[in-house]
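Sharing a structure here in structure tokens format.
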Amino acid sequence: MNSTRIYYNKKLKPKEPILIVGLPGIGSVGSLVAEYLKNEINAKRFATLYSPHFIHQTIMLKSGYTRLISNRFYVKSSKKGSIMILLGDTQAPSPEGQYEVNEEIVRFFKSLGGKTIYTIGGYSAGSHYIHNPRVFGVATDSKTKSTLSKNGIVFGQTSGAIWGSAGMIVSFAKMYGLSAACIMGETSALEIDANAARAVLESLKKILGININLENIDKIKTETDRMIKELEDAQKAAEPPRKENFTYIR
Amino acid sequence: MNSTRIYYNKKLKPKEPILIVGLPGIGSVGSLVAEYLKNEINAKRFATLYSPHFIHQTIMLKSGYTRLISNRFYVKSSKKGSIMILLGDTQAPSPEGQYEVNEEIVRFFKSLGGKTIYTIGGYSAGSHYIHNPRVFGVATDSKTKSTLSKNGIVFGQTSGAIWGSAGMIVSFAKMYGLSAACIMGETSALEIDANAARAVLESLKKILGININLENIDKIKTETDRMIKELEDAQKAAEPPRKENFTYIR
Amino acid sequence: MNSTRIYYNKKLKPKEPILIVGLPGIGSVGSLVAEYLKNEINAKRFATLYSPHFIHQTIMLKSGYTRLISNRFYVKSSKKGSIMILLGDTQAPSPEGQYEVNEEIVRFFKSLGGKTIYTIGGYSAGSHYIHNPRVFGVATDSKTKSTLSKNGIVFGQTSGAIWGSAGMIVSFAKMYGLSAACIMGETSALEIDANAARAVLESLKKILGININLENIDKIKTETDRMIKELEDAQKAAEPPRKENFTYIR
Amino acid sequence: MNSTRIYYNKKLKPKEPILIVGLPGIGSVGSLVAEYLKNEINAKRFATLYSPHFIHQTIMLKSGYTRLISNRFYVKSSKKGSIMILLGDTQAPSPEGQYEVNEEIVRFFKSLGGKTIYTIGGYSAGSHYIHNPRVFGVATDSKTKSTLSKNGIVFGQTSGAIWGSAGMIVSFAKMYGLSAACIMGETSALEIDANAARAVLESLKKILGININLENIDKIKTETDRMIKELEDAQKAAEPPRKENFTYIR
């Protein structure tokens, strides 16, 4: 395999699809949001993306089967249109891989008639736990900015650079004439920040005009809160907590 | 050389070949099994795979000649069919190399009429020496799983990911419509774990329905056991044993 | 995206353009010179270069928009001819990326009718601050050397190698039959050395025969001088200054 | 530049050329031999090899000009035939680069009618200085082995692997139906081991049937011996010598 490939169900006829992208990254916000949304709206897999730029791993499933590391597309169609979700095990570690995979994602989505993409990520706001995370955004155009602003997304308050898919898919979308935004939950020193994911899901409910039951994410949030409490207690203790507890996923 | 190449004897007419893959990896289980099997059934080399993704080394032979780092295919045909064995000096260190080489192996084997592949590896079970190693499996399909289960291979007890060829060849086999499984000997902190290899060979005897004399592997096993005894004694001593003794090969 | 791409305004009709290249590097001399010159002569962007060999980052702008990491071409045409400027966020980190991007820059410039290129860099002269930086040069041919020598550029006093674009663009220019030189401001242990940049700008004024108001760079220089004073004071103090203060940008 | 390129004088009509390859490596033996031989037989440059897999450096010459990192071919023709020499600034750091460059060298030499290649390297014999270095060999075929053995080259005494061009060019030569050998001077902890180079040059005199004045290498050897004496004295002193003095070039 020398280049990125997408295997997909060619019979699919999506209606003005909107794509939500949630891949591994800071605070696992993207992954949490995409996985949760997929389960809540009961979206079905219709495409799988493999890339020679992903790590060379095969995942062992409890069923005794395996699957190659991948990114996966899901879809749920209703009268209002189709919601597509992209989630997955990994992002390519190299620049060359990122440029190839992210352009391929945008090209594929455009070929399905898609016009709008929202990528989900975490925005790192220092090392303190964020109790009331804001949701930040950057966008390709003023119309998208305006739509998201009305739904509480904060623009112009972020600086620096976005690593990987969450930013690059927005950039490629613009090159391909699509509208896109990166929606970022404010997060801090947590591997899995359900609180930030919850804040993003609240925003997505309004933006997509759909109902999402946030009870389950509340359970994850409760668990995360408990974990944070422990960390905070540890920080007060004599010995400093182990560094690994504060590692970011990228 | 810009891509992986296989030089082979085009006159070869294999009969419903089964491929056993044993490349360098955890506990050297794959290498040990493939090398041993090749010698015991007296299989002959018929193909050599070179790749620009392998390290840039040439091996100096005692004869005063050299050979480029490679993977090599062997075959032994009988009335029951052809057994092919793939072994070699190395695996590609990069993702891109792994994707190219492993797909090429599957494509080549399919072009020879092959339908079934068993890759051999080690499954790391912690840092304690395993006296009675189990043999674990993951497979592409229920029929292969069922065949292997009947021969004592344990399914559903492994988790995590397989690095490199042992897993990826199974994944590519599935993409190409072949049946495959990864058969893993339970192993631990050993560079060369003949005990795990022996357990896999016992399973292969049954699966392939062939006779393999395990006397020689017993000699390797005896030697390995002696080495382990020494390590265990060292661990009891005041000074900790040297780290290098516990390095895994990948 | 699998190779470097330049998007540009195809209606542009430059007149015997001269290209000034100032990309990130030692002392940020190239970046400072290119950015300053662009603003002073009021050059306008006409082309953008993207490469899959650049890091996989998207920059968040204060406006709430984003842009993909890039190199950018600007132009200012007058009766005397067109001055083009290339500046940007990054250089490719890998050899393969550098060879691709730098040849592409030369090919593109030649396709616009260009014949002369000056790349700007810093020449590291040890760890002491340089109060009166010299401007060094290396060139493709004797005529270019002679032109620059007359304007105070010092030849034959540098040794070693130039990393990245500042040197490679000169090499590729020669292969493509163009004239080129690398003009280097003498610099030392500073991330942003406005003093070295000022010296190069003084030279460029003469070489290009244009007027450049150096008042603003003087402000940057004043600020830089203040920073250096602080560093020097720190060095005299008991505790050694932090290593990071002395990091070179490449 | 996306692949390795050789620019050469197409009018050249070599006579049954023999190629001597001496690129940077252990003890700089290959570089020393190739550079010395080139000067002694007064060979002239006829080809230059550039590669996007070489490091991205441009060398500043004392003349005020520059040249891109390269490998260079020289030739000297006489009634007895043509001797070609390949030397250069670097070897490609990546596997992919090594496979591409080394195959290209062999393909190019074959296209010029060449049939025999000798690569020169150092064979590391531990950390003690070798006073009377042996010259080891590995070859593609028995005829080459026999020719070299008659001239004092020792076969069958080396083991392990050769990194880079010295080994890979021999391997590719075999694939392309040419005869080749790697000739290695026994060396130890020295960056530049003129003593090992001298031993190889003594062998080459006999193999090529030419006269080489070894007086100049004797000067280098004298200098090297002096340097070694200093190192040995340092080792006897209380403080251990700095590690960098013992670094190998590869």
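Going in written order, the chains are labelled A, B, C and D, and every chain counts its residues from 1.
Operating definition for what follows: contacts are C-beta pairs under 8 Å (C-beta built on N, C-alpha and C of every residue); 3 or more make two chains touch, one makes a residue touch a chain.
This structure is a prediction, so every number in the text was calculated from the model and none was measured.
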| item | value |
| --- | --- |
| Touching both subunit A and subunit C (chains) | none |
| Longest centre-to-centre distance from subunit C, chain (CA-based) | B |
| Same or different residue numbers at the subunit C/subunit D copy interface, by half rule | different |
| Approximate Å spacing (C-alpha centroids) for the pair subunit B, subunit C | 53 |
| Distance between the centres, which are taken as Cα means, of subunit D and subunit B, whole angstrom | 38 |
| Residues of subunit D touching at least two other chains | none |
| Topology of the chain contact graph, where touching chains are joined (line, ring, star, complete, other) | ring |
| Pairs of chains found to touch, sorted by chain label | A-B, A-C, B-D, C-D |
| Residue ranges of subunit A touching subunit C (in the complex, touch as defined) | 3, 95-96, 98-100, 102-103, 137-141, 145, 155-156, 158-164, 167-168, 170-172, 182 |
| Subunit D - residues contacting subunit C, complex | 1-2, 51-69, 93, 97 |
